[in-house]
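Chain nomenclature is as follows: A, B and C, assigned in order of appearance, with residue numbering initiated at 1 for each chain independently.
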Amino acid sequence: MLYPDDRMYSKSHEWVKTDGATAVIGISDYAQDALGDVVFVNLPGEGDEVSMGEAFGDVESVKAVSDLISPVSGTVSAVNEELLDAPENLNKDPYDNWIIKVDDPTGTEELLSAADYEAFCASEG
Amino acid sequence: MKLIFEKSVPGRRCAILPPCDVPAAELPEALRRSSAPALPEVGETDVSRHYTQLCQQVHGVNCGFYPLGSCTMKYNPRIDEEMAALFTGVHPLAPARSKEGCQEVLDTAKQYLCEISGMDDMTFQPAAGAHGEFTGVLLIRQYHDARGDKARTKIIVPDSAHGTNPATAAMCGYEVVNIDSAPDGCVDLEKLKAALGPDTAGLMLTNPNTVGLFDQNILEITRLVHEAGGLCYYDGANLNAVMGVARPGDMGFDCTHMNLHKTFATPHGGGGPGAGAVGCKAFLAPYLPHSALMEGPGHLQVRSFGGNFLVVVRALTYLLTLGAEGIPEAAQNAVLNANYLMKALSGTFTPAYDRLCMHEFVLDLSELKKETGVSALDVAKSLIDCGIHPPTMYFPMIVHEALMLEPTETESRETLDEAAAVLRKLYAMAHEDAEAMHTAPHTAPIGRPDEVKAARHPVLRYKAP
Amino acid sequence: MGSYVPSTPAQRQEMLRTLGLSSWRELYRDVPPDMYLDGLLHLPHGMSELEVSRAVSAMAAKNRVYATVLRGAGAYDDYIPAIVKYIPAKEEFLTAYTPYQAEMSQGLLQSIFEYQTMICELTGMDVSNASVYDGASAAAEAAAMCRDRKRRVTLISGAAHPDVINTVRTYCYGTGDELRVVPVKNGRTDPEALAAMLDGETASFYVQQPNFCGLWEDAEALGRAVHEAGALFVMGCHPISLGIAKTPADCGADIAVGEGQPLGLPLGDGGPYLGFMACREKLMRKLPGRIVGETTDDAGRRAYVLSLQAREQHIRREKASSNICSNEALCALTAGLYLTVMGPEGLAEAARQSMAKAHYLAGALCALPGVEMAYDGPYFHEFVTRLPRREEILSALEQADILGGLPVGEDGLLWCVTEKVSRAQLDQAAAIVKEVLAK
């Protein structure tokens, strides 16, 4: 299980890379492993508002659906449409395949460091 | 097996219609198709053989044991089919006096089903159980709307409920409040009390519930909901356990749906057509659906005309056959068969709940999975090689590695003994040759299909190369 | 008493004993005394098969099945080829459950895949589901597919079947969404009224083609207006007419739905019928209900499975767009079978003949004094005539074993003629009407 330290994480298993103006968001290795084979990703639209702690989309496997919970609040500036044709990319490389980009993100204080997130995942068992 | 399109030969046809005996009428050019639809072009021999080949790759109740929990795969009497065929030529919009026979079918079926369910009135409009749920919860919705009570925005659903229950509540504009079941699998009264309030529109419940247990607190449950001002909806999917023995109306329910294609022996048809008759107490009867074309405006309706009438004929024929004594006899033997089979298996497998069950029971295979790596899915797939249709898997969600078995009353003791022997054999095989079970079935026309590929790259129709 | 319980009384007692029980009451010990039915239900005794056969046949004998049916209005008396009645009666097709276990149900899954393909061919759409309950609920499900966060209002043509309108109204009531009925002018959807009603809140507009009175709508023009307003275009179509008529896809529709009953299903006093739903690829994941997809198995063989299940209620529960759990599988199999037997030529022939015979009857009726077409414009196989002494006419027709047109409005009759009706039957009907009017 990988926990790259070049980014922050949320307890709902999303990762966030931010330069202050834009947050790039994806799901962690732990998440893709728990989901199993991803067959489809339901993405929001550009310009949609997202709220920290609320669902902004979902990920489908064959037998289940999991909400994607936004780790920040802000406005969606871009969505990774490649995932619509190749949802398996989230399994292959969850850290290289972002899902949405959010402008003027707030709420980043709540995020965990890679080390804290790894510990959190261990405790989830 | 080839698709019918792959057997098509241009110009081949069946001769069904005579030449037109009146002058042709012209369809304006702007309204014409640009090219013919690519339907198959085959002769009748091709049709006959093709569907025979298809038929050989389908497992019907006639093929072998079908213990699908919560589906009630009981025997479908042939006389029901013969009787339905007597009514095929009636137009729904023919004058009422020309179809009094149909009216008698509906009235008699209503009489029987109201008596069985303890309800006062009924509609046959819904085409399926879920459709019936929608209709039933709409009764609740209309009732509260008529009272001007806008505060009631929530429907309570136990976490053991079938997925249709919360989906139905959402379709009726309600917010779903899920309450966790108690460890014994039944409704947790404390959680229910905590969830009830002036915003409760109602409760949706199955009894016996989806793990096959009769909730002994049922009167208290419905009393609490009524006290809070809500109504109680009975999901009749499990009625086969108690018909003629206990009635939803006596349990405190205000409205119910019944699955004619489960409890009342009408055939499943591979997934339909069924009928979800909805019964209600008199105070809800004004809100029952009616066809606008047939009966004028003023009521809701959930589909055209009156309902799946030919399915009602089948159910009526079955009810007339069973009568007052046969109805409880069916339920009693459904429960007896389930307990008998559960007992036969409990030396080997682990029932999820260690008590008498109703017409179905759940096995918890999580220990087996831990010991051998063989999952409920693997056991189910291995049953296919033994000619037995797998039981319901992974439902309800409150039991892990669940297999839910419902033998029904139309299975003989010999069949149950054989099925138990097969399952015990598979248990042993899990310890000896788990790998074979991971890759089962081996003798079916196909092995396990790649469902991930199907969902990622959907191919939902044939396209000629 | 009839019974399908194979175990003998002796076996039942023995089985009870193995459970350590001695009575049925003990088996039901969880049922509280105040609701345990000690006696029998207040119902008649059961019957043997012969008695039941007599009883239900006696009910059927009270019905009249007309030799000539000239009434449609949502239920059509098309000719059903013999083999189309025979094959769905095969026990495996009849009694199987939903094909959740793909390895054991390839025959059923393939029959649905074939059906889906044929519906796509008829409608010109990219994707079809495995069917829903009927055409009216299909229209309601289609309306739900089109809604999103911003656009929630459903527009429906007032020229659609009243049961379709009321069903869509019911589903809208459920979710709290608004339905607006577009007025009718000269028997068809009023395009000016539609244009005035389309706005930024409109999710979709539904038109029936041909409409309830049998008239062809100007679907393409209506569709253009709908798209210009940023909404989705839904067409409810008659499947036999699609043998010769422009496809909903070519008319610009995003979703095509309709009543599949004419495709080999009997009138049956209203059901079971068949709702078909097909759409453009972009809307695929919003389609409710079951869908069969093609894939391969672990040995690379072609295989069929229920797919895209993550849309459905058993997975999404309260977040599912529809609670629909089943389809009308046997009816869909029947429809696919009918389309196979008829083929493209047979279907076109059924459509052409229906249309020709309807025009022939219309001509004969309108030649009579006092009878006129209610509306101008091209029509398929249904039409409305205004005429005097409507009840007398229907009564006289009935005496000749003919079910005449459906009374609509004050003095209208909505007639329907299918390929099943012969010229002689039409001449006889016209002669009877003439006789009544001459009195």
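The criterion applied here is as follows: contacts are C-beta pairs under 8 Å (C-beta built on N, C-alpha and C of every residue); 3 or more make two chains touch, one makes a residue touch a chain.
Keep in mind the model is a prediction, meaning the values are calculated, not measured.
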Which one of the chains is closest to the middle, using the mean of its C-alpha atoms? B
Which chain pair shares more contacting C-beta pairs: B-C, or A-C? B-C
Dist(centroid_CA(subunit A), centroid_CA(subunit B)) in Å evaluates to 38
CA centre of subunit B versus CA centre of subunit C: separation in Å? 20
Averaged-CA centre spacing for the pair subunit C and subunit A, given as whole angstrom: 44
Set of subunit C residues in contact with two or more other chains: 308-310, 315-316, 319
Going by residue number, subunit A touches two or more other chains at 39-40, 60-63
Among all residues of subunit B, which ones touch two or more of the remaining chains? 451, 455
Across the complex, what residues on subunit C touch subunit A? 285, 308-310, 315-316, 319
Which bits of subunit A are touching subunit B when the two form their complex? 37, 39-40, 60-63, 87-88
Counting only contacts in the complex, subunit B reaches subunit A at residues 394, 451-452, 455-456
